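In the two complexes that follow, chain A is the common piece, with chain B as its partner first and chain C second.
So, the complex of A and B:
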């Protein structure tokens, strides 16, 4: 009973912290946009800016309160935000929440599948490598992990397109479906065909982090008294890896996977750009390049929420791994 | 023996990297200024003995453009890493002064870490209007939090070290303790921290430039070269994409290995 109350308290304090961090994200991102040398009226008008008279510009500025002080504008924006109104995206001519909703649905398939793949493959490779430190297999796997950790994500995507799409012709070069076909008419199989290359490239980068982390855990386990005891009972290395390693290292790998959602999302921006995949990442770049301020702010807040929830889950998993941490937090 | 081995390895790495860097930085003198020189009779040539890494769509030598790009990446990455380390050290030190400041710094760290780096970079590039200086500042501003967190934890654990307690008992001022005890202890960590930030900074600069919001597209930056290569990818001009990226990978990998070796040695 007492434990329940403490758990609720911990959860409540975490949620308050989450709200505080999100408020700060809103302030920082809004402040950055205010700093921009790009004139908000020009950004709003886009290519039509040459056809608008100074009187009309003044009207636009008045309509959107561009002349008010930054604090007043922030207040307006925040109150709109709290009522669920994220604003209007002028490059997509849709409300920001609609753009984010549509785009995220497509990105979610990419992000989710790449996340799962990097977790499973990364964990398996880490266990294999760490079970026998210094073996040829370990050298190969950790060498691979070191190299991918230093590889630019978009370059890996380019190489993949070059090899599998241009030379081998196995996969399409772009997009989430065939060009000129309506989204709802694309079959599941075609979708998967378009997804497989971006997903694999995105996963390759996440695999490295999880592999190295799991490998370090496994090496520590193999040098521990648990392993010594099992060796004395006649267990082999693979026995120990299978019986103790899986339990010992799986939760940390899962925690790390939740804690690195930000990197995953950052990678997806680049990968979506290379594969012309019409997801949230591509919309982010478009918003940045074409000064769509409401969309840029909306995406920044949305991803901050996404990453923070990931961190929250990771933080909540820690006490499960190590009960001593639960004691410390109380 | 166990202590000597990593140090020897680190020395080897430093030597190797220094040779590469001297070659890289001195390349304008021995490689000439061919990075911008166009040869219209030799456009999109594959690698051969006369064009080592091939040429681009304007007949410019890819090897000299790649070298120029790596040089640019190196300087931008180094400046961003140093600036980021300086910010991290300053804010970590500020955090030790009072609990309010500490709470503020921690909140700032949490805030910046909760937005994906690349989105924050896009926002910063938007706010600062692009260009080399803007990229350096943007990369520095996004990369300090993880190092600041480590330095802050280190400073907090040092506060209870015996020699600090003795110094306090002897009536030394806070500033004296900070300058004479705490900061010298942090210098190796700052060096390693800067070196660990360095490859990240290079990769993020290249990513920003590739997306079109980083360095000026008229400069031969690696991101610009790769964005150009994207347009010729489906035509099978593989060398345009492969070599600049490979050069970047090798540079990032060697700096990263150096940082890891150095951390082990210190």
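So, the complex of A and C:
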């Protein structure tokens, strides 16, 4: 009973914190858009700008309440937001929530698979490398990790397209499906074929940091009294890595994996651009370049929500791994 | 069971940036331990007690240089043999409670020790339970994590881990440090009980007073040198049977013994790395 109440309290406080974060993000992004040189009337009119007289423009501005103070405008937007109305994206001619929903589904496959791959592969490599510091395998893995950690994402993407799509012809050069085929007609296999290169490129970057951090934790463990005690019991290095190492190294790996969700999101913007993959990242670039204010704001809020929820999950996973944290929380 | 002959251990250190020098941590040490006896190794911090334990277990850093001979059960104790015997014939109760993995429950850690000693998974789990029960750790303590245990309970978990493989030589490195008198007596009594089962126990401690009641033999180390090797029975009266002045001073420094020389003798005992040899205690 007491445990339930405490659990509800913890959950409630986290939700309040999440709401506060989102409010701050909303305020900052709205302020940035107000300060930006984007004129919403121009953006709305697009190429027809030249055919519209100044009187008509004034009429539109009046109708949209652009004379009101920024605070009042923010209030309008926020109240719409709270009722679930994110606005209308004029470049896609769809409601913002629909655009985000459609685009995110595609991005989610890309982000999710890249994230999972970087976590699993990065963790495994880190454990193997850290289990025997200085071994040839360790040198190979950490050498690889240092190189990829210092490689920019878009450059790696361009190299990958050049090598695998253009030169070798193994993978398609663009998009989430063949050109000229409706989205619903694309088979699962074709989708995967289009996904594999952007996913691998995105994952490669995540792998490096997770490997390096996991390796560092493993090396610390292998030199600790815990390991010495295990050696005294007759344990081998692999035994220690398996029984003690996995538990100890999973903490930094998980922290990093969830904390890097934002980075992954940023990486996906570049990668989707390089591979012309029609996901949320590409929509962000489009919205920015073509002054689609409602879509830009919507994506900013959504991204903030996505990253915060990721961190929330990481926070709740810690006590499952480290019992010392469970006690502090309850 | 264990014979150490003329053991010398040197560890490297770097003087300036590149000049490697060797410091002698154990100097020409010989001792032997028989089955069924508790052999106390007494010395102040830095006397080389723990290093002696690591040398026997084969857990020294790779750079260490040793000479002399180790025999275990009448056969040379080589690196290869140490690796085979660790956890099965040779067991160590470590000095620090940090040796317990904070992320695993007591029973799990004891069962890991049993697995490492060659027991099957189901057998290991049950023998872990039995060993912990033997050390009076109840079900709750068996499922608890190290941070939830008191110092005495954690020591008993370490003891359970050391005896689970039924090793014939158990090295206990400062097993009673930081415990209240009741807990300390309990730990020492359990070591004596293991010796009475026929195991050889090496008790490493700086606490001569509480080691004596259970010890059969005493070796006193000072700066890596053995300065007294004697049956425990020699510690009686004013220490007339002790050969070295250091041991005699140590004995007389105990609160139960001659009080007049206590301060001076004790000072030289606890500051063993002081350059001056301890002064001959004046017996009142």
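Everything below uses one rule, namely that the second predicted complex is superposed on the first by the 308 of 330 C-alpha atoms of A that agree within 3 Å, B and C clash if a C-alpha of one lies under 4 Å from a C-alpha of the other, contacts with A are read in each partner's own complex, and residues count from 1 in each chain.
Here, a contact is a pair of C-beta atoms (placed from the backbone, for glycine too) under 8 Å apart; a residue touches a chain by one contact, two chains touch by 3 or more.
What you see is a predicted model, and the numbers here were worked out from it, not measured in a lab.
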Contacts of A:235 with chain B and chain C, given as first, second, both or neither | second
Given the touch rule stated above, what does A:29 touch, chain B (first), chain C (second), both, or neither?
-> first
Should A:291 be classified as contacting the first partner (chain B), the second (chain C), both, or neither?
-> first
Looking at the overlay, what does A:244 touch: chain B (first), chain C (second), both, or neither?
-> second
More residues of chain A are touched by which partner: chain B or chain C?
-> B
Chain B versus chain C as contact partner of A:37, first or second or both or neither | first
So, does A:225 touch the first partner chain B, the second partner chain C, both, or neither?
-> second
Residues of chain A touching chain C in their complex?
-> 224-226, 228-235, 239, 243-244, 247-248, 321-324, 327
Touching residues (chain side chain C, partner chain A) in the complex | 57, 59, 83, 85-88, 91-92, 94, 96, 98-104, 112-113, 116-117, 145, 147-148, 161, 165
Where on chain B does chain A make contact in their complex?
-> 107-108, 110-120, 122-129, 199, 203, 206-207, 210-213, 226, 229-230, 233-234, 236, 238, 241-242, 245, 248-249, 252-253, 256-257
Okay, in this complex, where on chain A does chain B touch?
-> 17, 20-22, 24-25, 28-29, 32-33, 35-38, 146-147, 149-155, 158-159, 161-162, 165-167, 173, 262-263, 265-266, 269-270, 273-274, 284-285, 288-289, 291, 296, 299-300, 303-304, 307-308, 311
